[in-house]
Amino acid sequence: MASARFETRRLTSDAMFVVCAACTLLIVTLLLLVSGYLVWIGIGSIDLSFFRDVPTGDVATPGGMRHAIEGTVILLALAAAVGVPLGVAAGVYLSEYSHEWFFAGPLRFIADVLTGVPSIVVGILGYELFVVPVSRWTSNSVSFSGYAGAAALAFIMIPIVARTTEEMLRLVPKTYREGSLALGASKAQTVLRVVLPSAFGSISTGIMLALARVAGETAPLLFTALGSRLLTRDPSEPFPSLTLQIYTYATGPYPEQKKLAWAGILVLLALLFAVNLLIRVVAARHAATRLGKV
Amino acid sequence: MSIIQRAAWVSAVGVSIVVGGGAANAEASEVRLGGAGATFPAPLYTKWVAEYEKVAPGVRIDYRSIGSGGGVKAITDKTVAFGASDAPLTKREIEAMGGPDKIIQIPAVIGGVVPAYNVPGLSQPLNFSGEVLADIFLGKISTWDDPRLQELNSGVSLPKLAITPAFRTDGSGTTHVFSSYLATQSPTFKGEVGAGKQVKWPLGQGGKGNEGVAAVIQQTAGSIGYIEQNYAVANKIAYGAVRNKSGKFVLATPETMSVAGEGAATTLQGTVLRADIWDQPGDSTYPISAFTYIILYKDLVNLKTESEAKALVNFLNWATGDGQKFANQMDYAPLSSGVKKAVDAALSTLTHNGKPVK
Amino acid sequence: MTTDARAIPSAPFSPNASGGRADSLRRSFRFGDAMLGLVCRGSAAVIAIMLGALVLVLLTSAMPAIKEFGFGFLVSSEWRVNELERPLKDAAGNVVVEDGEIVMETIKPAFGALPVIYGTAVSSLIALLIAVPLSFGAALFLVRVAPTLRMAGPLSFLIEFLAAIPSLAYGIWGLFVLAPFLQTHVGPAVKSALENVPGLRWMFYESVTIAGTVVERPIPITGRDMFCGSLVLAIMILPIVTSVSRDVLKAVPRTQIEGTLALGATWWQSCVAMLRYGRSGLFGAVMLGLARAAGETMAITMVIGNNNQINPSPFAPAQTMASLLANEFAEASEGLHQASLLYVALVLLVMSLLFNIIARRLVVGKASPAGH
């Protein structure tokens, strides 16, 4: 009977509606479970000595992770020094020179594909390109190095920064470019003094996102920077990083070290959350001012 | 400021931070030596490094415990001043380093590999025999209440719990010691798994470094793994007694391990010193004892300056001399005087760029 | 060639300029343009070189292993790092004895990637089986229902934050929360419920041949096994599959949905129509999730058990290509061991590139893959 079929269809629809809602609820619950646990256990383990002290070598009182925090900051600075200029310039190419479709189209595709390369493979490439040749040419302890680690991180950063820069530049209205050209500016002047500055805010957020992503990476550093338990600011040696130190401590048996690992994860998550939130606030304000300016 | 000016300013600041940091490190007029290798002696080496800094301030030694395989690779690639390994160099490794007259290999201390386990409800250490251990790691004995384990431990009620062996995933001297010992105890083990730094364990869970295996044991009820004694003691992991060649069940202690090393002095000759001290005779001998070795080049050209070479020689002399007093408290056994003599003889042949190091 | 109106031709057209200031301006324009062009084209070339370097370097470093094993590497289960000395056996299986001494043969090191390919494939597929239905359901909810409840924004933010959590954090959660939970509660419960069901014995017991004798032994439940690894992977790929699916479904024209509703479809039937409309984009979303799952390293290394063997039981430890590399690469001695690991890395790279390329081909045009 038609009405019975309709009833089953309606019941199915209602049931599936509940199922879809449940799926969403489940995903959100999992998020809260995972991050909630990490926050809870991190808060119980964190104190000032985490930021202030360096490792002591004694497993009962292992000190802090200052060396790892400084290490991560320096690694990010090095990676950004290489990754940001290259990435932004490549993004400018993809956006402003996209009429050279013979190169621009495939390059966009290559950049997208590169963002999907497993980070451990990037680490292995870093090893083959920056660790092995260096240790062949020099005869002292310069093989695993912070420079190699930063290079691996830059490799991950460049395609991400390039694509987000391109997307942000595309959002700049073409009227800006046309106006600038109409006033007699060259292409270079247009790009550097009109287009880029107007997209500066969103490009910066893209860079921050890429840095935040790269700050949480561990695998690329496993065979390049290797990690270190000493406070060192010299990137030509094996170099510490927050993620590597957390991994070493978390997979070991010593409870005091594990506490440091949990505190470290909290710091990492807090950083990521802050960056993500900041980006949203900035983007919202940006959109508001642009609408207001119209 | 234009974009370019802004970018230039930022990079200038960044570069100066990094270069300044690097320069600041280099300015400190201290000697830095790098060593890498076995996790087996790592707790003691860390202690040595800390104590030696009190004796000789201005010498900073960075020992990275990455496994014996990594240590041999590091010294072969000349990326460190000295390598550490519980597995003595194989013929092929000696060749890769340039031949036996280019190498010095000395025992640094004696340690013991213990069968550590996680079985709830026990109040005293279990007894194991070599064949039983081999069969556990082969998978022939798969539950704790197996009759062969009961037989060795009458009076203890063992639970019906599956056994999970825990092993090393990295190239490990501890694996070399344990698998070599098991190979002497069980021909089946020798044929199926063999001895080496990295072998194919038939079953179980892998961990990286002694630390990783200790973590696996801690986290898995019913597991048993092979770790250096210090890791078991430091983490309060229960470990068992092993039946030695004379039939006695012996727990690993500095005394029972020293006994194992006593007979070795006579076999040590030349500069590539090696002695396998597992399965030694004696009532109180711990059967899974082993030397752990430090490996370096006879001509220390891999060190840039003579002060570095001197610092290294002084450190090694101290470690095999005064430093041995720390061995007992860290659950290792010091070298006997006979062994020490052979070590001193080998170290005295060290040169730097042809000149002997004093 | 499609003219992109945003693209600016390089040389500004100024036909009437004559000498003097205008000319020198034009020269300086050209210099600036040339410099910018050089820098930008150079950077873009770097990106192309990066991909080329990746493939080339891995290929050349893995060449010793490729030459030694060929494609047989992909189907071999050996992983023998050291030489194995064992008693030589004759054709009948008896040990050969000469002059009263057992003759030993030396088996050379040999490597094969089958166990890790199996580990990667099975863990990724199970993760997909779990995550994809959840993601599609959530995507439908986000696109059809959440906007009316004004929940779309916050929910999307939550899901994207989930995507930003680093792999290490998931690994720590898996190691300290999920694995013990599976070991003490889920594993024993499943075992006692199912172990006597005929046909499921392989999940809990394995039969192996050790030196000629067959031994049946229980598979210990440790919490760190294929099942735990797949669960952690599933949670990790939920955000990316959900957000890409949401973008794909958002791009379904309203007219399609309204059309089905006009024909009397229920809510669910119009959802099915949406899914069917966006099926290629959705397949792309699944491929992206698969690529992410296959390449995942840190989280899976901490919970998979690190045992390089093939075992059909979900409670047995396993190894994936990424976790094998993480465990063994740092001290693999040069030579066949390292080359074999590089061969594994090459296989992993090719696999993830393939999935990514297929995914991007399917998703581009249906939704913006950059997401933001």
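Going by the order they are written in, the chains are A, B and C; count residues from 1 in each one.
As a working rule, a residue touches a chain if its C-beta (ideal position, glycine included) is under 8 Å from a C-beta of that chain, and two chains touch if they have at least 3 such contacts.
For clarity, every value in this text was computed on a predicted model and none was experimentally measured.
The interface with the greater count of contacting C-beta pairs, when B-C is set against A-B, is B-C. Distance from chain A peaks, on a Cα-centroid basis, for B. Rounded to whole angstrom, the centroid-to-centroid distance between chain A and chain C, based on C-alpha atoms, equals 18 Å.
Distance between chain A and chain B, defined via averaged C-alpha coordinates, is recorded as 37 Å. With touch defined as above, residues shared between interfaces to two or more other chains in chain A number as follows: 85, 192, 226, 251. Annotation for chain C: residues touching 2 or more other chains are 175, 330. Within chain B, contacts with two or more other chains are made by residues 207-208.
Touching chain A in their complex are the following residues of chain C: 1-10, 12, 29-30, 32-33, 35-37, 39-44, 46-48, 50-51, 53-54, 57-58, 61, 133-138, 140-142, 144-146, 155, 157-162, 164-173, 175-177, 235, 238-239, 242, 266-269, 271, 288, 291-292, 294-298, 302, 322, 325-326, 329-330, 342, 345, 348-349, 352-353, 355-357, 359-360, 368-370, 372. Contact residues on chain B toward chain A in their complex (touch as defined above): 2-4, 7, 11, 14-15, 17-18, 21-22, 24-26, 34, 43, 46-47, 49-50, 60, 62, 64, 77-81, 207-209, 211-212, 214-215, 217-218, 231, 234-235, 237, 301-304. Interface residues of chain C, counted against chain B in their complex, comprise 79-87, 175, 179-180, 183, 208, 210-211, 213, 215, 217-224, 305-309, 317, 327-328, 330-334.
Within the complex formed with chain C, the chain B residues making contact are 66-67, 69-70, 72-73, 76, 138-140, 142-143, 162-164, 169-171, 187-188, 190-192, 194, 196-208, 216, 219-223.
For chain A in complex with chain C, the residues that touch the partner chain are 9-10, 12-17, 19-24, 26-28, 30-31, 34-35, 37-38, 41, 85-87, 89-90, 92-99, 101, 103-104, 106-107, 109-114, 116-122, 124-125, 127-129, 155, 158-159, 162-164, 167, 170, 174, 177, 181, 184, 186-192, 206, 209, 212-213, 216-219, 222-223, 226, 243, 246-247, 250-251, 261-262, 265, 268-269, 272-273, 276, 280.
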